[in-house]
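Chain IDs A, B and C follow the sequence of writing; residue 1 opens each chain.
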Amino acid sequence: MNSQTNLSGARVVHRSVSASARAPSAQNDALARKMRRRGQKARFSWLVPTLYIVFLLLPIYWLVNMSFKTNAEILGGFSLFPQNPTLRNYMVIFTDPSWYSGYINSIIYVVLNTTISVAVALPAAYAFSRYRFLGDKHLFFWLLTNRMAPPAVFALPFLQLYSSFGLIDTHIAVALAHCLFNVPLAVWILEGFMSGVPKEIDETAYVDGYSFPRFFIKIFIPLISSGIGVAAFFCFMFSWVELLIARTLTTTDARPIASVMTRTVSASGLDWGVLAAAGVLTIIPGALVIYFVRNYIAKGFALGRV
Amino acid sequence: MDKTWNNKAWFLVLPVLLLVGFSAVIPLMTVVNYSVQDTFGNNVFFWAGLSWFEQVLNSSRFHDALVRNLVFSLTILAIEIPLGIFIALNMPRKGWGVPVCLVLMALPLLIPWNVVGTIWQVFGRVDIGLLGRTLAAMGIDYNYATNPVAAWVTVVVMDVWHWTSLVVLLCYAGLVSIPDAYYQAAKIDGASRWSVFRYIQLPKMHRVLLIAVLLRFMDSFMIYTEPFVVTGGGPGSTTTFLSIDLVKMAIGQFDLGPAAAMSIIYFLIILLLSWIFYTVMTNYDARR
Amino acid sequence: MNFSWMAWTMPTAIFFVSIFALIAAMGVWEYLRPGGDPRIGVLRFETTRGDRLFISLLGSAFINLAWLGLVDANLWWSLALSGVYAVLVFRYV
């Protein structure tokens, strides 16, 4: 239905192109005026994204601003930029193992999770994009429901499950638990990219005597490298931002930075400066990852598989 | 693409099946087991029948959390979707502005959810926050820790801040796929801004908008971390959404039975919603 | 490895075994007669046998929940109602 409205819309436009091409010159003048006016209006359209970005950056700026202030200044005065800029808050984080180990722990389990998710999802996505098999559609849907499942439902049984395997407070436990929603996501994204690769490539390779593993590694993976990049980006993102499960499954040795931060908030003395500095440091890895995949993000979103 | 029928493809799916089965099926079975029993700890359980389900289904606590969550989800949809479309329509199509916009707009999506909460906490507090101070100076009674309205506004604005970019990026991806010829034709034709939107841009965004609405609905339906950090579900329980309530019950009070019963009801609602999502999506794709 | 924390009971075990048996049966049926018998029913979109089973199970779950929440009678009645519902789904959806 929608493709029809879409098509007829385009047809109307095309028909009117030929109509206006025959139009007399008086009409052309009016048209030119109209186009100039439209141009003027377009000149102000940059205002909307700019305002939006200001809205996005203002709270982040406030956090950065606070991270360079002393606690006395945060609580005492009110200033739009630090009066006596200090690096003390960052020094606290970089010298106190309970703070900086939080970052190391987070990075370890996020990288583990991204690696596992993409590695496991690659063959499965290939199967879904190339073959029909018994129960494939239902399997795909079941995988998707796990992406949609609320982590709150799983937090408690995960705690019990991983305790019984003696995995509580290890990086691998969090990495495996995050696979619950990242593996389906990776399968979904990769399947989209793989369906874009023509099947003739597979067939030609098999005719040329490639075995399946060799074809997959030597030919197919390079072809969908941008898809792997997008999948890894989203796995990284969702594992990096998740708090509930990561906090539930860790106590001291594998405690993620997110959990270190919330416990500092709930604990006694609120050291706002250090908290702000810790927050700023958690934004940096994400910002770096976005910068590297900026050209793929729009493509990944276009597939609509987030 | 026409696919070959081959049941050997199961072997390729097997690793995923084992991994996700391990972390999805065993916990779900456990939840079902807990939901029909009572425990006083030490893995000693007593049969409780379906009394927990009855209790949860008839408790005003659950009803309130459900209604609160629905109102929240619909509110943020009503704000984020039109706003996202509007911003995407006004984004630059080429030049240096494109990567700048994309990177800056994607930034909130990559911030850990608890840090999103922290950011809005320090931004909104009356004593140290830019927003709180400014509003207080303007004479507006804004204190999200004591005022339910302020708490709601904070949580909603925070979600808009956090997730509108997702809608923008999705819509933008739909918009850039429109060939230039369409716009030129419309321009020569003197089509109004509205009819360009209505007949050219909106149809192209239809699919991504569908995804945006459903994703945002699902994700806001299980929101936990951000409101938990900012308001802790308060003041009172005015911002206690379903997930917050559930975690409070399961991990905070260790009330396994009621928590498990609530989990199952919650999960069934989510299952129904994702089934509708999936069915609408696949039928939409098939019809194109 | 100790799995006593999973707290199995006979009724829940029966429940899961019957669910898995249903899925296995659907698998065998599909293997014997592939294609899943797709058709467009009252819901106006194409469903296969597997879809119909899913709609039946999910709908039954909600019927039982509603019975538990609204009606104060024995749950066997709602179970019977779910059975009728499942037959209707397999017949008309």
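Basically, contacts are C-beta pairs under 8 Å (C-beta built on N, C-alpha and C of every residue); 3 or more make two chains touch, one makes a residue touch a chain.
It should be emphasised that the depicted structure is a prediction, and the values quoted were computed from it without experimental measurement.
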Intersection of the contact lists for subunit A and subunit C: B
Chain ID, smallest distance between chain and overall C-alpha centroids: B
For subunit A paired with subunit C, centre-to-centre distance based on mean C-alpha positions, whole Å: 35
Distance between chain centroids, defined by C-alpha means - subunit B, subunit C (Å): 28
Inter-centroid spacing, subunit B versus subunit A (mean Cα positions, whole Å): 14
Subunit A: positions in contact with at least two other chains: 134, 160
Numbers and ranges of subunit B residues touching at least 2 other chains: 5, 26, 30, 271, 275
Sites on subunit C at which at least two other chains make contact: 5-6, 34, 54
Touch list for subunit A against partner subunit B, complex: 1-3, 5-6, 9-10, 12-14, 16-17, 19-21, 30-31, 34-35, 38, 41, 45-49, 52-53, 55-60, 62-63, 66, 74-75, 78, 80, 116, 120-121, 123-124, 126-134, 136, 139, 141, 143-146, 148-161, 176-177, 179-180, 183-184, 187, 195, 199, 237, 240-244, 248, 257-258, 261-262, 265, 272, 275-276, 279, 282-283, 286-287, 289-291, 294-295, 297-299, 301-302, 304, 306
Subunit C-touching residues of subunit B, taken from the complex the two chains share: 5, 26, 29-30, 32-34, 36-37, 39, 43, 45, 47, 50, 53-54, 57-58, 265, 268, 271-272, 275, 279, 283, 286
Subunit A contact footprint on subunit B (complex, rising order): 1, 3-10, 12-13, 15-17, 19-20, 22-24, 26-28, 30-31, 86-87, 90-92, 97, 99, 101-115, 118-123, 127-131, 133, 161, 164-166, 168-170, 172-174, 176-177, 182, 185-191, 193, 199-200, 203-204, 206-208, 211, 215, 218, 221-222, 224-225, 229, 242-244, 246-247, 250-251, 256, 259-260, 263, 266-267, 270-271, 273-275, 277-278, 284, 287-288
Residues on subunit C engaged by subunit B in the complex (per definition of touch): 4-9, 11-12, 15-16, 34, 45-46, 54, 58, 61-62, 65, 68-69, 75
Footprint of subunit C on subunit A - complex, ascending: 134-135, 137-138, 160, 163-165
